[in-house]
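Lettered A, B and C in written order, each chain numbered from 1.
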Amino acid sequence: MSSYFSVDYMIKAFPTLLSYIDVTIIVTIVAELFGIVIGCVVAFLRIHKVKVLNQVCLLYLSFIRGTPFLVQLYLVCFGLPQLLQGLGYQDIRSIPGLLFVFLIMSIHTGAYIAEIMRSSILAVDKGQLEAAHSIGMSTYQAYIRIILPQAFQLAIPALGNNVISTLKGTSLIFNVGVVDMLRKADLMGSYSYRHLELYVDIAIIYVLLCFVIQVATYFLERRSTLGKELAS
Amino acid sequence: MNSIIDPYFLMEIFLKLLGYIPMTLGLAITSMVLASILGLFMLIIRMKKIPVLSKLAELYVLFGRALPTMIILYIVFFALPIALMIFAEKTGQKIEINQVPAVVFAVIGLTIHTGAYLTEVFRAAVQSVDKGQMEAAYSIGMTWWQGFYRIIFRQASVFAMPLMANQFLNLIKSTSIAFMITVMELFGAANVICADNNRYLEVYIVVAFIYWGMSVLFEKLFLVAEHKLAVFKKGSNL
Amino acid sequence: MITFKNIHKSFGDNEVLKGINASVPTGSVTVILGPSGSGKTTLLRSINFLEKADRGEIILDDLHIDVEKVTKQEIHEIRQRTAMVFQSYNLFKNKTALENIMEGLIVVKKISKAEAKEKAIIFLEKVGLGSKGDFYAHQLSGGQQQRVGIARALALNPDVILFDEPTSALDPELVGEVLEVMKKIAQEVNCTMIVVTHEIGFAREVADHVIFMDGGVIVEEGTPEQVLGAPKNERTKQFLARYVSFTEYNI
């Protein structure tokens, strides 16, 4: 049995692979943060049906949701540099590849967060905006101070799921040259020919990360509902 | 290269890639059908609370949903040959592992992944059916299977349909990952073209538009189907 | 004849049936009265094993079931010989009114589709809904749904029909039509009816036998004249005092 699957090797390789977890986590966090910013802006434009921009947003959402993330990733990481070059920007090599990954992951995540935020904002009582206006706040102020904080509380479970999706998306970025756990596993596997052990290790890491996110979401959600209960 | 994007070249790739749509859709449809069967199977195991099996089903759903598709695909790709080898050794049968086409691995991987999601979809759908419906079925003397098949299953399908459609749309996109285990589907073919001429921008634009077109088309199709279905729900506020 | 012997049932620590002994003669109409939480619905549901009692015996003519040792076969048999009318109607939502009635005939009684349809139409007419055969549940009023529910039960020609608070979920103005249908059945069809209800007027008018339950036991039973006219037990008197004034208010 050990000739087919070496538990020893699996255990030995685990710390090595685990040491690359920072790339995965950083990419997830960056994508999620920028995604939230994009998502909130798009949600705002959609809800208030801002002329032209609303149509642009719809197109953006449809495209991101209608095409595979892998294709988007390749399009931005391989296609975009070519476009920049064609437009006369020759110094393409000086842009770090990770920047393209951050860019597309944020754009991708933003589309999904936009829908989450839209429904959360719509779920916030209409009277809140009116009340904010009535005390003289601008719409922008009302959103920042009143609407969005409430919407985020409602959105916690959905955002938690979104973080998990983003995390899962990071399993594809090794394709465009990012050195993460999967790239490392690829390299190690080509020496040891023990791919399965390495990918089982990675599977374990992903499951653990998912679990951590779920627990964090749970506590955040509980804290927010507790806060609401205390307030009422 | 004078212009950044050459429309004739775009057309040429487009026509070339069209030929790979059947492969992509074939992968998606086959996996969807198998995953539905798998999901239904898991659902029944969980509903009937079969000991051990129902715990295993729960575990499967947990892992199937927590793992990225790519990793499931890789694990299947590397584990299945080993499993076959062990099987061959134990039974003394000769199995040519190299003859198993990569598509098979892709279908298995995608089925495992989608099946986990569908199990949850089905469970939610069954839970959406009023408990009294099964009681009524029992009360007129139906068995569990009769009640499940004739009453619960049909009502739950209406609830599950849009969620399944959504799952299918996701699956079409997920098939692009199959190229990583050497399956020649749409995206795989696109990458081969890229390797030939290094014109990433055009090729990936075309391939993105093909996926986009398929997604929009199927979305519209499912919407129409949904309206036709569920006569008994029309007008009800369920 | 249906007989209960020493039926016990607990939900967790809460004992809802504390040894019920009773029998219902074939062809009779028995009404079970009692305040909510008295265990009357649980008793009714334990007959067709929608609720499995913890111990005791249920005897339906020749079918003798020891609840503790009940087999799937026995549950299936007693379900085939009984039918139930539910508080919340529970019409199959994916079927029309007619199909609701046909369903049991085709699947359980194995009657051909054409014959089942013929039969279903007769029963639908019997409950006064001959014109509503192609309607789905949500297109019918609560009273109409419940009448279809009654037709569905009747069509199976069961030994016993169990009525589980058939009018409790109805708007007051719809209660009458359902009670009317039940009364008609009691007179025309020779089938045992066990009715859990709060409609004391119905009990007085239609029942052959009245059982009053409270706190998981049978407090008093007898003819309507005995139980409703001259109750002996204090709890029965209190209950009646409250409900009679309440129902008469309604009328």
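Simple rule for what comes next: a residue touches a chain if its C-beta (ideal position, glycine included) is under 8 Å from a C-beta of that chain, and two chains touch if they have at least 3 such contacts.
Everything quoted here is computed from the prediction, not taken from an experiment.
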**Report entry** Required minimum of steps from chain A to chain C, each step between chains that touch
**Finding:** 2
Report summary line: Quick note, more Cb pairs in contact for A-B or B-C? It is A-B
Report summary line: Chain centres computed over CA atoms; the one at greatest distance from chain A is chain C
Requested in this report: Identify the chain whose mean C-alpha position lies nearest to the mean of all protein C-alpha atoms shown.
Outcome: B
Report summary line: Per the C-alpha means, the centres of chain A and chain C lie apart by a whole-Å value of 56
Query raised in the report: Distance-wise, how many Å sit between the C-alpha centres of chain A and chain B, to the nearest whole number?
Result: 23
Report summary line: Distance in whole angstrom between the CA centres of chain B and chain C is 46
Report task. Please give the residue numbers of chain B that touch chain A in the complex, ascending. Result -> 1, 3-4, 63, 66-71, 74-75, 78-79, 82, 85-86, 173-177, 180, 187, 191, 194, 199-201, 204-205, 207-208, 211-212, 215-216, 219
Query raised in the report: Okay, in this complex, where on chain C does chain B touch?
Result: 48-50, 76, 79-84, 86, 88, 90-96, 103-104, 107-108, 136-139, 152-153, 156, 162
Query raised in the report: Where on chain B is chain C touching in the complex?
Result: 130, 132-133, 135-143, 146, 150-151, 154-155, 158, 231-233, 235-236, 238
Query raised in the report: Tell me, which parts of chain A touch chain B in their complex?
Result: 1, 4-5, 62-63, 65-72, 74-75, 78-80, 82-83, 86-87, 164, 167-172, 175, 182, 195-196, 199-200, 202-203, 206-207, 210-211
